[in-house]
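Letters A, B, C and D name the chains as they come in the text, with residue numbers starting at 1 for each one.
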Amino acid sequence: MSKSFEMNRRGFLGSLAAAGLVPAGMVASGPALAQDAGGILRTPFWPAPTYLNSAISTSGPESFLSPKFYDGLLGYESGMVPKPSLATAWEISEDGLTVTFTLREGVTWHDGEPFTSHDVAFTFMEVLKVHHGRGVNTFANLTSVDTPDDYTAVFNLSKPSPAMMRALDSRECPILPAHLYEGTDIMENPVNTAPVGTGPFKLESYEIGSAVVMVPYEDYWDEGYPLLDRFIVQFVPDPATRAAMLESGQTDAIFLGMIPTQEILRIAEMDGFEMTTTGFEAMPSGLQLEFNLENEILANKLVRQAIAHAIDTNWILENVFYGMGQTGASPLHYDQRPFYTTEGVPSYPFDLAKANELLDEAGYPRGEGDMRFKLMLDPSPWGTESINSSAYIREVLRQVGIDVEVRQQDFAVFVTTVWTERKHDLVLYTATMGVDPTIGVHRFYLSSNFQPGTGFSNGAHYDNPEVDELLNAASIEMDEEARIAQYAEFQQIAYEDLPIVKMVDIAAAPTLASTRVHDFAPDALGALGSLKQTWVEQ
Amino acid sequence: MTGTFAHIRRLARHPSGLFGLLLLAAIILMSVSAGWIFPEGPWAMVGPTRLHPGVDPRFPLGTDTYGRDIVSAIFYGARVSLFVGIASAAIALIVGIVVGAIAGYFGGKVDDALMRLTDAFQTIPNFLLSIAIVGIIGASLPTITFAISIVAWPIIARLVRADVLRLRTYDFVQSCKIIGMSDMRIVFQQILPNCMAPIIVTTSVLVANAIIVEASLAFLGLGDPNVMSWGTLLNVGRQQLRTEAYITIVPAVALVLTVLALNLIGDALNDVLNPRLKERT
Amino acid sequence: MSLNTGSEPPILQIDKLRIGQGTKAPIVEQMSLEVRRGETVGLVGESGCGKSLTALSVMGLLAGNLKVVGGTIRLGGEEIQGLSQRKLRRLRGEKMGMIFQEPLTALNPVMTIGAQIAEMVRAHRDVSRKAAHERALELLRLVKIPDPEERLGEYPHQMSGGMRQRVVIAMAIACNPALLIADEPTTALDVTVQAQILELLASLQREENLGLLMITHDLDVVRLVADRIVVMYAGSVVEEGAVEAVLDNPRHPYTLGLISARPTGSFAAGAPRLADIRGSVPAPEDRPAGCVFRDRCPYAQEVCATTRPMLETGQGGHAVRCHFPVDRQTDAPKELAQ
Amino acid sequence: MTQTSGPITGNGTKKAGPFAALSSPLGRYILRRLVQALLVMVLVMVGSFFLMKLAPGDFVDVLAGTRDLTAEQTAELRARYGLDQPLVIQLVRYMGLLATFDFGYSPINAAPVTDVILARLPVTAILVVASVSLSMVIGTLFGIAAARNAGKPVDLGISIFMLLLYATPSFIVAIMLILVFGLKLGLMPIAGYESVGMGYTGWQHIWDVTRHLTLPVVALCTFYIAIYGRIGRASMLEVMRLDFVRTARAKGISEGRVFYVHALRNALLPLITMAGLQVSSLVGGAVLIETVFGLPGMGRTAYDAVLQRDTNLLLGVIFTSSLAVVTVNFVIDMLYMVLDPRVNLK
């Protein structure tokens, strides 16, 4: 794969000049137009978006679409190394309380207005800090943004915020046009579904719930980009249908694991398709089993450890995820380098005898029907992984004498049951771990984040002051070595306490594409970036 | 009903009816014997995963993604399909008969009100209502049964109402009234037994329909995750249709055969119970 | 009422007709019958004895898997068995017409009266739509329907039973057939209407010189309109002859029973009031060997169980199929008397 | 609705054609039907409203879950969409809006419900109209062919085929169609209702849409082809046994004419009633087909609206489809009056 990647890379560089020469008018002339560095890219996606703007909604479709229209201050190379985007340079003060961004000049919005530092200040203070779900926490310490001139933005922080620097990309924090949003009801601004950004693509048509068609923005600041003539996203609910579309040539690429894993693996083997798992470090995710510690039985650590021993996470990895990932071994995701570690972290190898032993020790002997006690398991209703895994978990737990009933409900009921009404025992769900542990992982473990009514908060009701202290320190620690140590200790303690057992760290969602599609995973954001370098042989 | 036995005999003599009866008997046998042929239950992961049919004689129809025996799943699935089919048809029958009988017998405002309610249930897209109920209350066998029967009863209600409307003007009903028989007794003892034939025929269709709806719900991921149904298997199999098509095909065939059996029986019942058709040669 | 003795063949001549259903016992057997032009023949018998089937076999309209399995049917001397459907279709309407029992259902509910009559005309005559319409009007007048112009545009359900039967008759005679078969044409009608329809049939028969085969179970009707009577029992003829001869002096016990079973009793003055014939017509497969009537016959003797009696023609063409024909003068059956 | 409030048959004594002047009986009948329809619609809407509102979780829960919202943000959203009000007030507000044909705002689609429905309507309308007419024509033809050859091998063959179609759920048909025509043979597009963003116009567009909708329409049809086939055959055989058919035959007209002019028109009546029932069940049944074929239609939209608790959108879809059902039933009643002169107003 890496070899062909090299070739593609060369092809794309060679064609750059040609692309720059294409007059914008010709782009709209339709499918007949064929050249090397252009083409039409069609991809299916699900669900359909609410907005075309990820500043006010962080769900999947917005995260995928918004970066095509909007830019962030920064981009990230593989390994989450920041690179310039709307900001050409940035400087963090010694105390970590001031971050100064130098903005790119000559950038215009899709409506022709110039981009200035005012847009940045407005976006962070009025939108991201208010309406962005994660932004409220990520930018909790951001007190103001100064704009000494049109091309300088100074972020003033009350405490150092190391995680913030990993969250400034176009997906997490797109910069919105202040001149269209200021003074309006931001949540109901029509621009939310008719985006006017600074990004490489502008909207040609949007049929609600059906399709988004994008064409290049002719005055894009990164001259020569984007390469595609047309970028079509079609919303198709059924994963098997999406796979069939790719196989039959009705689409060109599948991003973000939009089709079942075994189909990805199967089609990747076929002629004319290639797969990559690079990119997407911005969105590591995992499947985790969370215990409701308010349940008397589950409050017993031995029971939790027994359950961890009873489940063969490798079975789930192999049969549900088809090996795309690693078995869970820590609260963090293995991609959350350099903080992830297994050193000194307790492990719970598959061992039914040990599980039985622990359960006996915990004081729950087998009783009627050879069962010790009964538990309810709520799998998350999106995707198929949780549901498929829950069938396995129920069966193995039955073998150690735990009678598990699976309760399958739709999303709204699932969220309400677990995080509002707290009527659950075991909950199994896939969750993003965040670009930085502060953003994605703290929420599950901080006692202050036990907030009934808020989904995906500390649903276990885990409360360990030691952990609280470690996490709070890590969130403002500017010294990376110190942070690594803090997180190492956190992982050891949290996995001993075990409010959550990690089943699988899911590998970065693979991209599967026709071999005609080139350069679709250029950096850490992958398909969640702009895809401006991507092109399709016609 | 008089001559029930004779009807069954005639049904058994009806060639396609007999075929349907035999098929249904086989399916019932499967569901009854599932417990002892496969005592470990349909969820037990007894073999290697994704074993194709005919490879290992222990698993003639192969195994699914979990290494569960598909034969066992089909046997246990028969239980679920039959349970949902029969239970929801029974509920629909009870509700439909009560509503239809009351509307038809009392007429007037009661009839009007009940018929508007029936209209409402027939106007709202039925499958959508079932989906909404299962989605909202949660996918469990009782919910699914309820969601299916709540859209099925209006057919029965209309049928019963029409017959009761017709029969209540008959002399024997009038004389019952004169001798002071209570309304309830007239309806349930005198009128209803006289309109059973179309109800029985429709019931076989209701059962078949309920089985299809259950499978459809499971196909959409709205099946009860705690029971092994054919729809569950279809839903799992759909994900690997291209590599392990048998996981889809086996339950699909089972489903089609069951529905076929019920329809054959329904058709035969129609021939046997419908005197109008019988007389004309 | 002339008995045609000319050399012209009878308009309808049925000989030893057998009608069966697959391999089952024949429903009609040994059925012979003649209708001449200008003559009205009454075909009587209980329901289920095969009268209607005989008529339908003449029309070639046997339904389902009923088939003529033996014997001949000649129409104006020409054998119609084995004719192609197309030829047979031409004969229907043109050579023979038929009137059915139930006028309420005999007409297509979704076509106007005019269209149904005109269709008939146009099926057999190469005429314009307008001419067919004219003919339809003329026919309605002929069957004495008031306001015929208006009626043409009406649907059957807008008319009374009697009117509808007139329409059916109009259709049947639309193409001047020589033979008209009327299958219980008045049974479903009110008594007063019955008389009108019978009168209409009788006058049409006279005016058009039709051969009329009147199927009925009502002996009064036969007496009123028929020249000759044919009595059928269990699929074959048991007695036939001139109306007066048979009704006044029935020789077959079955005919006698039929007459006695009438509410008003015997036609002949002074005849004893007789009881209903016991039992009912046996199904074809249950017909006894020998004489088919013997199970119900008060005179049955041993020979009746073994030998089937032949249809013996006696005086004046009065034929009877019985080993022991009744002779009222000599041996009125004690058993039948009450 | 046809069955109760529909026309009744009777031996009319009045001399009047079906539409003899829009006199008061017809006017009164229509008025009565309208009042009934309105009642039914209100029942449907209120029922659906409570079903959605009594469900655990609202769309803010859904949004909060997918957007990682904080408690303050969710409270703000609930206030914004009036979800913090008592149910009765919400209902009154909604019904008030509905009375002016305003379906409200769909927060999940960030658009007025009317816009969403108008965008979805064409796909579903094409699906429904195409599959109703196609299944009716094909099914009836099968039914006729079977009836004409009753008892012969052709009849047996058709009857078995119809039974199999009848017993095979539409989603299984859909999967098989995709497998065979989409993947194995590669003849047909698998998803969507057009080649999005290709800018086809005119005939090219029509051809494109036709290609995309062929498989879904076939999948929606098979079950109903079987129903029409079976009803058609039974109805035809029933009619062929009726007296007037014998009369027609006795007239010596051709068998074809007997069959197609006399019998068929009478036999079609029950099929038309079926069409009314089919329309009402198609919107629900379309959920599966629209899901499998990735069609942005009303069925799938309604399903997503349920899952996302987008009450306004769901109610809008239900209103639209119920209105369609009520209208179709009304049209069918009128059609009956034209086709069957016996039909009379109550």
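Convention: contacts are C-beta pairs under 8 Å (C-beta built on N, C-alpha and C of every residue); 3 or more make two chains touch, one makes a residue touch a chain.
All values reported here derive from a predicted model rather than from experimental measurement.
**Student:** Could you name the chain whose CA centroid falls nearest to the centroid of all protein CA atoms?
**Tutor:** When every chain is reduced to its C-alpha mean, the one closest to the whole-protein mean is D.
**Student:** Considering B-D alongside A-B, which chain pair is linked by more C-beta pairs in contact?
**Tutor:** B-D
**Student:** Tell me which chain's centre, taken as the mean of its C-alpha atoms, is farthest from chain D.
**Tutor:** C
**Student:** Once you find the CA centre of chain A and the CA centre of chain B, what distance in Å lies between them?
**Tutor:** 45
**Student:** Go ahead and note the Å separation of the Cα centroids belonging to chain B and chain D.
**Tutor:** That gives a centre separation of 23 Å.
**Student:** Distance from the CA centroid of chain B to that of chain C, rounded to the nearest Å?
**Tutor:** 52
**Student:** Distance from the CA centroid of chain A to that of chain C, rounded to the nearest Å?
**Tutor:** Using C-alpha averages as centres, the distance is 91 Å.
**Student:** Show the residues in chain A shared as contacts by 2 or more other chains, in ascending order.
**Tutor:** Within chain A, the residues that touch at least two other chains are 247, 410, 413.
**Student:** Two or more other chains touching the same residue: where does that happen in chain C?
**Tutor:** Each of 63 in chain C touches at least two other chains.
**Student:** By the touch rule stated above, which residues of chain B touch at least two different other chains?
**Tutor:** Within chain B, residues 135-136, 238, 241-242 contact more than one other chain.
**Student:** Under the definition above, what is the set of chain A residues touching chain D in their complex?
**Tutor:** Its residues touching chain D are 30-31, 40, 42, 44, 47-48, 50-51, 57-60, 131, 133-134, 136-137, 187-188, 192-193, 204-205, 207-211, 213, 230, 232, 234-238, 241-242, 244-245, 247-250, 410-413, 415-417, 420-421, 451, 453-456.
**Student:** What residues on chain C touch chain D, complex-wise?
**Tutor:** Chain C residues touching chain D: 59, 61, 63, 65, 85, 89-94, 97-98, 100, 102, 105-111, 119-120, 123-124, 150, 154-155, 157-158, 168, 171-172, 174-175.
**Student:** Which stretch or stretches of chain D touch chain C in the complex?
**Tutor:** 11-13, 15, 151, 241-244, 246-255, 257, 261-262, 265-266, 339-342
**Student:** Which residues, counting only chain D, touch chain A once they are in their complex?
**Tutor:** Touching chain A from chain D are residues 55-59, 61-74, 77, 80, 107-111, 115-116, 119-120, 178, 182-183, 186, 189-192, 196-199, 290-294, 296, 300-301, 304, 306-309.
**Student:** Using the touch definition from the top, list the residues of chain B that touch chain D in their complex.
**Tutor:** Residues in contact with chain D: 115-120, 122-133, 135-137, 158, 161-162, 208, 212, 215-216, 219-220, 234, 238, 241-242, 245, 248, 252, 255-257, 259-260, 263-264, 280.
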